C-alpha cells in the first residue's frame, strides 16, 4: 500500500520537477507516461515471460492505428475503438506467440525483430491507413493541457503498474518465472507452457495497444514513422534500463530515457559541434550496454536494494 | 517466356552482387556464433563502419587500395574494441543480457555514425569505370563484378585461414569444443576477440565494395544484418559455405521479387523470409550444439 | 489398486527400438522400482509416462484415464508428479516458491482473479501457502524457505524437488534416479520418506540402477533390459533371478 501511494505521489512530483527543469516540457512528460505504459507490457513479456521482443512497437501501432481508423473512418465511439485496438493487438500477439513458440533466445529476438519490421513496412504501404501520410483528425483527449493530460495518464499508468504487480506476484507470475527457468519442470507441475508463453505476449501487447490508442488521441495525427524500429528500441531500452524485475521498472526507465534524450539534445551540440540528426541514438546504445554491464537488474532493481 | 528472361536476367546480376554482400555478413555471423555462441546484432553496423570510413578516406584523396585497407583495419579495430568493452566483461551473463548488449552496440555504432557522418548518404565512384560486362549471358555492372570478386576472395582467404593456419585451426577448435581447446592452451577469451575482429574485417571489406552500388548511410546496417543472418540461419549457423550459398540465393530471390512483383516489396521479402525460416526451423538447425 | 498401466508400449528412435512392447503396472500403496542397466530404456520409459516422448505404439493409462501421447502438463493434472535425474529446480526462485509452483495444478484462481486481487485469489493463495509450509516442515526445508534454490546444497535441492512434486498431491510419484549424488544419511532420509508416502497410499515409481539401497527400498521390482521387461517380482526373487544377473553382468 505504501508503495502504491508513493507511486501515485511520484506523478505530481514529477510534474512539479518539470516546472523547474525547462527542458522537460509538458509534452515530454506525456510521452514518458505513454512510453512507460507501453514498456510495462514489454517488461511483462521479457522480465516475467523470459521472451525477448524487439518488435513491441508493432502492438503500439496497432492500438494507435486501430483507434484512428475506427474513429475517423468508421465513426466508432472512442472507448469502443480503444478496446477494439487492444483486442486486435492481443489477437496479433497471439498469432505471433504461437508462431514463435518453439523459437528461443537469439532466434526469438530476430524473429520478433522481423515481425516488427514486416508490420512497419506493411502499414507504410497500406493505402486505407494513409500509407506514408498517415491519418489525421483523430478525436483528441478531453483534457485542456499537457499537465492535466499527464496526470490523467499517470493514473492510467499507476493502474497498469498495479495490475502488472498483481500478476507478477501470483500463481500465474510464478508459473511464468518457472517456465523461464525450466520448461520441462514447469510442465511437470501442470503448467501449460504454450498457453503461458502466448498469454504473456498477449497481455504485453494489450498494454502497448492501450498506450498507442491514447497516444493517437494525444497527437491527433499519426504516421508510420513513429512505430518503426526506433520506437521498438526505445521501449526495449526503457524496459531493460528501468529494470525487468520490477513492475514499475519501465516507469523509471521512461523517465530516465526522456531525461537522457533531452539532455543529449542540449549537450551533444557542445561536444560534437557539427552533429546532425537524433543524438539520442548513441545515448540509448551506451545506456543499454552500461546498464547491462554494471547493474543488470536495471535502475529499479538497484533502487530496490 | 523470352520476355520474362529479358526482364529477369539483368535483375539476377545485381541480385547476385547484393547476395555476395549478404554472404559476407552471413559468414561473420557464423564465425562469431560458432566461437562465442553470441549472435552479433551489430554485424550490419560493421559493414556500415567500413563503408562510411572508406568514403571519408577516398574523399581525402587516398588511393583506393589504401582506402580499402584503411577501412578494413579500422572496422576490425572497432570490432575488437566492441568485443573487449562489451562482450568480454559480460562473459557468463544470461542470453537475454548478451542479446541486449549486442543490440546496444548496434545502436551505439549507428548513433556514432550519425554524429560523425550525418544523415546524408555518401558514396564514391565504382572502382573501374566502363559499361556493364557480359558474363555467361548476364550483364554485370563493373562494380557488381568487383563485389562478387572481392567477396569470393575474402571468403577464400578466410577459409584458408581457418583451414590451413594454426591460429585459424585453434579458432575452429574453440568453436567445436571450448573446454578441450582450453586444455590445449587455446584461450577462448582471445578467440572471441579474434572472431569479432575477423568478422568485423570481413564485414568492413563488404562495406567498402558495396558503397558505389548502394551508398553508405548510417542506417544501412539493419537490412544487411537481417539478410546476412537469414543466409547464416539457412546454413544452420555452423557452415560458412552454406551461409555463402544462402546469401547468393537470398540476393537473387529479392532481385527477382523486386523486378517481377514490385520494388516496394524488396525490403519486406527479407524480413518475411527470415521470419518464415525461423518459424520453420526454430533452432536454426544448429548441428550438435544447443 | 493399479494406478499406472503400460500396455505394449513401443518407442523407436530411428532404427533403434528404445522400448519394445513394454507392459507393466504400478500399484498404489507401495514402492515399485524400475531397474535396468544403461541403455535399457529407463529414461525413455520415464519420458513416455510423463509425456515428454510420444510412444509409437501401445497405451499408457493413469488412474484409469488414457494418457498416451498427452502433453506433460495434462498428465500432471491427471495425477502424476515427477522428479528429474538432474535436479530441475527453478533456480532463481525461493524454495517456498518452488513448492508453490508445484501446487499450481491444485490452485483454482486464475490470472484475472489475481490481477484484480479478488477475494477468491487471496483465499487460494493462503490455502496454497499453508499446504506448502506443511510440506516444507515435513521435508526439513523450513529454514531454507526464502533462499534461492540455486545456491543450496545438493541434498537440500533434492528434497526441495521432492516437496515440489508432492505439493500437487499426486496419485503417482515418478522419481528418476533420485538417490544419485546423495550421502548415505541423505539416502536413508529419502528412503524413509518414500516408504512413508507409499504407506500413506501413494504409488511410488522409482527408476534407478539395481543398487542394494533400491532393492531394499522396493516392494516390487520391474527389470528392464534392452527395451523390454525381463522380469518382475519381489526384490528377493529378482535378486536370485539368473536372467537378471546375466543382464547386468553382460551390460
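Just so it is clear, A, B and C label the chains in written order, and each chain counts residues from 1 on its own.
Quick note on the criterion: contacts are C-beta pairs under 8 Å (C-beta built on N, C-alpha and C of every residue); 3 or more make two chains touch, one makes a residue touch a chain.
As the structure is a computational prediction, the values presented were derived from the model and not from experiment.
Engineer: Taking each chain's centre as the average of its Cα atoms, which is closest to the average over all protein Cα atoms shown?
Structural biologist: Here the chain at the core of the arrangement is A.
Engineer: Measuring between Cα centroids, which chain is at the maximum distance from chain C?
Structural biologist: B
Engineer: Roughly how far is chain A from chain B, going centre to centre by Cα mean, in whole Å?
Structural biologist: Computed from C-alpha means, the inter-chain centre distance equals 31 Å.
Engineer: Calculate how many whole Å lie between the centre of chain B and the centre of chain C, each centre taken as the average of the chain's C-alpha atoms.
Structural biologist: Whole-Å distance between the two chain centres: 49.
Engineer: Centroid from C-alpha atoms only, then distance chain A to chain C, rounded to Å. What do you get?
Structural biologist: That pair's centroid distance is 42 Å.
Engineer: Show which residues of chain B lie in contact with chain A when the two form their complex.
Structural biologist: Residues 38-39, 41, 85-86, 89-90, 93, 95-97, 99-101, 103-112, 114-116, 118-119, 218, 222, 226, 229, 233, 264, 267-268, 271-272, 274-275, 278-279, 282-284.
Engineer: Considering only the defined contacts, which chain A positions touch chain B in the complex?
Structural biologist: Checking each residue of chain A against chain B gives 46, 50, 52, 54, 99-100, 102-107, 109-111, 113-115, 117-118, 121-122, 125, 229, 233, 236, 240, 268, 272, 274-289, 292-293, 296.
Engineer: Within their complex, state which residues of chain A touch chain C.
Structural biologist: Interface residues on the chain A side: 163, 166-167, 170-175, 177-178, 181-182, 184-193, 199.
Engineer: Under the definition above, what is the set of chain C residues touching chain A in their complex?
Structural biologist: Listed in rising order, the residues are 50-52, 71-73, 76-77, 80-82, 84, 88-93, 97, 100-102, 104-105, 107, 109-111, 114-117, 121, 124-125, 128, 164-165, 168.
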